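Note that subunit A is present in both complexes that follow, paired respectively with subunit B and with subunit C.
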Partner chain A sequence: MKKTTSKRMFTFGLVLLILVLAACAPLYAPVYTVILLTSILMYMTIAVSWALFSGPTGYISLASAAFFGAGIYTSAILGKALPLPLVIVVGALASFCLALLVGALTLRLKGIYFVMFTFGLVELLLHFILWWEVTICGTTGRVVPPAGNATVFYAMLIILVILVLTVFIIRRSRYGLALFSIGENEEAAAHAGVHVTVLKIIIFAVSALFMGAAGAAMATRWTYIDPRIAFNPLISFMPVLMAIFGGIRPLYGPIIGAAIFTYLEEFLITRFPYYYMLIFGIIMVVAILYMPDGLVGLIQRLWKGISGRKHADT
Partner chain B sequence: MKNKGWIWIFVITVALLFLAGPVGAKEAAVKDKIRIGQAISLSGPLAGAVAIAGGPIYELWVEEVNKNGGIYVKEYGKKLPVELIRYDDKSDIGTMTNLLEKLILEDKVDFVFPPWGTAWLFAAAPIANKYGYILIGGPGGALKLKELSLPYFFQVLNFSETQAPALADIFKGVGVKSVAVISRGDLHGIEYGNAMVPYFKKKGIDVKMNKSFPPGIKDLSPMLKEAKSLNVDAFVAAAYPDGGMLLTGQAMELGIDFNAFFISVLPFSPKLYRGTFGAQGVEGVMGGGAWNAKTSPGAKELVDKFVARFKEEPDYWGGLYYWSSLQHFQQAIEKAGTLNQKKIRDIMAKEKFNTALGPFWYDKDRYFVNHPGEIGQWQKGVFEVIDPGPKRTAPPEYPKPPWPKK
Partner chain C sequence: MPILEGRGVTRYFGGLAAVSDVDFQVEQGEVLGLIGPNGAGKTTLFNLISAALSPRSGSITFRGKEITDLKPYQICRMGLARTFQTVKIFGNMSVLDNVLLGAFFGGEGRIASADAAEAAASALEFVGLAEAAAIPARDLTLANQKRLEVARALATRPELLLLDEMMEGLNPTEVNRAMGLVKMIQDKGITVVMIEHVMKAIMSVCGRIMVLHHGAKIAEGTPQEVSTNRTVIEVYFGERADASDS
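And now, the complex of A and B:
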C-alpha cells in the first residue's frame, strides 16, 4: 500500500518536473527548438485524442484530418476578428459539433465500413469547402494572421495538458470502463446496460474537440491556407502510426510515440532527404512486426524480464 | 529467442540515431563558403512539378557559380563558393515552414531560396521577412501576395496580371469571337480565370462559358463537350499540369478541336508536354510563359548549358526568369561587398543589372517587370513567344490545326 503511494508521488513529481521544464522552454531554449517542440505537442495532441476514442473501442478513425482541418478553417475565418484564445475555443466547438453530427450518423457502422467512411469524410469536407469558397466567396485560400512562436507553443502546451487530464479522468470513470467493454464485446456491453451509441458519439466528439483546438492554434503558423492544405490526409494517418508505435492502450503510449516519431522524422528528413521515407518505412514495419504493444509494451516486457528473473531467485 | 535479438538491434539503431541527432553542423570559424538553404518538395505530389519547372535551375546556377570560383565578396576579400542545402518538405506546407525556420535559425544559412508553388511561397514569404532574409520568388505568384507588402520579398515570375491582357490581345488580333473558360478550384485557377474574363469582355470577345473544376478530378470531357456544343472559337483552361494533361489527352481522344486551345500551366514544359504528345500533337497549343532560345543570346546560352547538364530542354516559362533573377542577385551581392541582407536588399530593390534575358530590375512593389514573354505557342516543336510587340519570336498560328488522327 505504502509502496504504491510513494510510486504515485514519484510519477506525479516526474510529470510535474517535465511540465515545468517544458513550460519554461521558450525562456532558455533556442527558437528553433521551441518550434520543433510545438510540432511535437501538436502531434501528441492529435495522437492522444485519436487514442482516446480508437484505443479502447477498437474503432479505427481516419477522420483526424477532418477535425484538425475544421479547426484550421475556423482560425482562417475568425482569426482577424477574434483574439487567439477565443478562436481556439470556437475551433474546438466547431470540431465537436461536426463530430457529434458525423458520429450520430455513422457510429452504427463497424469495422472496415467505419474506417472507409471516416476517411471519406476528409475528402467530403475538403470538396465541400472548396465548392463553398469558389462559388459563394469567389476565391480559395485565406490568410491567417500569424502569432508568435512562443504564443503558439503555450497554446499547444495548454491544450495538451487539458487533454491529458480529460483522458485521465475519463479513463478512471465508469465511462472509461464502459468504453473498454465496447472494445471487448459491444453486444455484451449493450446488454450490461451501457448506452453504447451515446457513449461512442460523445467520446468521439470529445476527441474531435481537441483536434479542432490544435488545428485552430497551429493555423497561425502557416499564414496561408486553402482546403487542400487544411484537410491534409497525412494528418489522418500520422496519429495512427504514432499511437501504434508508442502503444495504444496506456495513456503515455501515444505521447511517447508522437515525440519519437516527430523528432525522428525531423532528424531523418534533414540528414537523409532522399532516403528518409525508406528508413521510416523500415522502422514502421519492424515496429508492427515485433512490437505489438508498441514501444511502451516492449519496454514493459523487457522490464518484466529483468525484474522477473530477480524475483525468481528469492 | 530470435525475435528478441531483432528487437535489440532495432532499439540500439534507434538509440544511436538519436545520439547522433544533436551533433549539428558547426559554423566554420573562417568564412569559406556561402550557404544557401532551400526547403522544397523532393517527395509527394509536387515533386514531379519541381523537377520539370524550376528545381534544376537552382542546381545549375550553383554549379555555374562554383565553376567560376564563387561569388566575390569584398568584406572577405575573396571569392566564396556556394553550397546549396536542400530539405524535403514532402509537399506539405507545415513541414516547409518548420524547415525554413530550421534553415534560418539553426543552420544559420546565409541566404534562402524559395519553395515550389504559389501557396508555399505565400507561407514562406512572411517567415523570411520576419527574420530579415531576402526571398526571391521562384515558381508561383498571385495578386494576393502583393497585399501582404513584405519588404524582403521579390516577385520574379509573371502570372495572370500580365498574361491575361496579353492573351486577350492575341485573341483579338487573330479574330477570336467567343471563348470558354474553365479554372482549377485553387488559388491559381480561380485568380487566373477571374482575371481573364474582364479582359476578354473589354476586347468584345464573348465569354460563353466560365466554370471551375475541383483539383484532382479524373474526367474533364464533359467540360470539353459543353464548350464544343456552345461552338466557341477558343478553349481556355487555368489549370495545373495534372488537369492540363487530362484535358489534352481527352480532347485528342474525342477529336474535339477548337481554333485556339490554351492551358495556363503545362505547355511550357518540353519534357512533360511535348515529350508526351509529340511535336505534332502539341502543334498550335498555347500556354503561359514564355521564352525560347531566340529570346536573347543569354537565353540561348542557358538552353545549351541546361541541355549539356540535364540532357533535356529547360522549361520555357520560369526557367529564364529564375536564372536571370539569380544573376541579378549575384551582382547585387558583389556590389554590396557583404553578405548583409539589408544592404543587398536595398541594392536589389533599386539597381538594374544585365542578365541572360537582358536588363533586369524590380518595380516599386519589388515585382520583376521586364518579362521576356507572356504567352507561348508550340510551332514545329518550338515554344514561340506570340505576344504582340517586340518580344514576339513568331506570329500566332490560327486556327490551330486539328489534333493528329491516331
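And now, the complex of A and C:
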C-alpha cells in the first residue's frame, strides 16, 4: 500500500516538474525550440485522443485528419471575428458534432471496413471543401490571422493538460472498463448491459473534440491554409504510428511516442530530406516487430529483467 | 403468469428454418431444460430471446412486457441475463473486472461504485472464483471461464438466466460442481433455462424439459415424461447415439 502511494507521489511530482519546465519554455528557450515543442504538443494531443478511443476498443480510426482539419477550418473562418479561446472551443465543438454524425454512420462497421471508411472521410471532407471554395466562394484557401508563437504554445499546452485529465478520469471510471470490454468482446459487453453503440459514439466524439481543438489552435501558425494543408492524410497516420511506437495501453505511451517521433521527424528532415520517410518506415517496422507493447512495454520488460524478481509486481 | 413466454417464434437463415413457430412458457422459479440434437435451433432460440437476433415473426414477453424489439443491453437490464456456448469472456481483463462490468451496467438504473464492487465480489464468491479475482480471465481453465460467465451474468442481478451448454467440455467432477451451481442459482430464486447435452445433469437438475428438433418443438414435460416419449427417443436419443461416436 505504502509503496504504491509513494510511487504515485513520485509520478505526480515528476509530471508537475515536467509541466512547469515546459510551461516556462517560452521564457528561456529560443523561438525554434518553442515551435518544435508546439509541434510535439500537437502530436501528443492527437495521439492521446486517438488512443483514448482506438486503444481500448480496437477500432482503428484514420479519421484524425478530418477532425483536425475541421478545427483548422473553423479557425480559418472565424479567426477574424472571434478571440482565440472561443475559436478553439468552436473548433472543438465542430469536430465533436462531426464525429457524432460520422460515428452514428460508421461505428456499426467492423475491422477493415471501419478503417477504410474513416480514411475515406478525410478525402471526402477535403474534396467537399475544395468544391465549396471553388464553386461558392470562388477562391481556394484562406488567410488565418496569426497568433504569437508563445500564444499557440500555451494554447496547445492547456489543451493537452485538459485532455490528459479527461482521459485519466474516463479510464478510471466504469466507462473505461466498458471501453475495454468492447475491445475484448463487443457482443458479450452488449449482453452484460453496456449500451455499446452510444458509448462508442460518445467516446469517439470526445476524442475528436480534442483533435478539433488542436486544429483550431494550430491553424494560427500556418497563416495561409487550403484544404490540402488542412486535411493532410499524414495527420491520420502519424498518431497511430506514434501510439503503437510508444505503447497504446498506458496513458503515457502515446505521449512518449509522439515526443520521440516528432523530434525524430524534425531531425531526419533536416539531415536526410530525401530519405527521411524511408528511415521512418524502417524504424516503424522494427518497432512493431520487436516492441509489441511499444517502447513503454519494452522498458518495463527491461526494468523487470534488471531489478529482478523482488520488484516484479504480480 | 409465466415469467418468460414466446408465441410462434420463428427465425430463418436463408431457406433454413432454424427456429420454427415455437411456443414456450417458463414459470417463475423453475429450471427448464432445453435439449435437442446439434443444429436443432437451441442456441438460436437463446439468441432470439436475448435479442442477439431478431425473429422473423412471433413475439416474446418477459414479466408481461413485450421484449421482441428491444436491444441486448435493454434485455439484460430488465433482468434477463445469459451465458454463451462458446465462452465470450474479456480475456485480457481481470476476472474481477469481467464481473464488475456486469455489475456496473447490467442492472436497472445507475449503481454506486461501492455497491457494484460488492455485487461483483459476492458473485465471484458465489461461483467459487473469489481467489482468482486478480488474474487475467484468459488464464482460467475452461470450466472456470464458464463459471466466470455465470458470475458476470449473476452480477447483473437477473431474474432469469439462460445457460447455454455450461457443462460442455467439462470433466465429470467439473460437471458435478456445475450441477451444484445451477441448484444454488435456483435456490437464490433465479429462474433458469439451460441448454444441455449431459443427460445426467438434465435429468437431475431440471424440473421440466423442452425438446427441439429441426427448429420445431417436438415434446415438453417432466424429465420422466420426456425420456419415455416415443418421438423423442426416435429423433433425439437415436441421433445422440450416432453423434457420440464421432
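Keep in mind that, in the parts below, the second predicted complex is superposed on the first by the 308 of 314 C-alpha atoms of A that agree within 3 Å, B and C clash if a C-alpha of one lies under 4 Å from a C-alpha of the other, contacts with A are read in each partner's own complex, and residues count from 1 in each chain.
We take it that a contact is a pair of C-beta atoms (placed from the backbone, for glycine too) under 8 Å apart; a residue touches a chain by one contact, two chains touch by 3 or more.
Predicted, not measured: the structure shown is a model, and the values here were computed from it.
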**Message:** Taking the superposition on A as described, I'd like to know which of subunit B and subunit C A:L177 touches: first, second, both or neither.
**Reply:** second
**Prompt:** Does subunit B (first) or subunit C (second) touch A:L101, or do both, or does neither?
**Reply:** neither
**Request:** Based on the superposed arrangement, let me know which partner A:F267 touches: subunit B (first), subunit C (second), both, or neither?
**Result:** first
**Partner chain in contact with A:I18 - subunit B first, subunit C second, else both or neither** = neither
**Message:** After the superposition on A, what does A:S39 contact: first (subunit B), second (subunit C), both or neither?
**Reply:** first
**Prompt:** Looking at the overlay, what does A:L278 touch: subunit B (first), subunit C (second), both, or neither?
**Reply:** neither
**Message:** Just to be sure I read the superposition right, which of the two partners does A:V194 touch: subunit B = first, subunit C = second, or both, or neither?
**Reply:** second
**subunit A residues touched by each partner, larger count belonging to subunit B or subunit C** = B
**Asked** Which partner does A:G138 reach: the first (subunit B), the second (subunit C), both, or neither?
**Response** first
**Footprint overlap on subunit A, comparing subunit B with subunit C** = none
**Item:** Touching residues (chain side subunit A, partner subunit C) in the complex
**Value:** 174, 177-178, 180-181, 184-185, 187-196
**Complete:** subunit C residues touching subunit A in their complex are 50, 52, 71-73, 76-77, 81-82, 84, 88-93, 97-98, 100-102, 104-107, 113, 116, 152-153, 156
**Complete:** Per the touch rule above, subunit A residues touching subunit B in the complex are 30-32, 35-36, 39, 127, 130-131, 133-135, 138-141, 143, 146, 218, 221-226, 228-229, 232, 234, 260, 263-264, 266-270, 273-274, 276-277, 283, 286-287, 290-291, 298
**Message:** Help me check something: in the complex, which residues belonging to subunit B touch subunit A?
**Reply:** 3, 6-7, 10-11, 14, 17-18, 21, 42-43, 86-88, 90, 92-95, 97-99, 101-102, 105-106, 119, 122-123, 126-127, 144, 147-148, 185-187, 190-191, 194, 212, 214-215
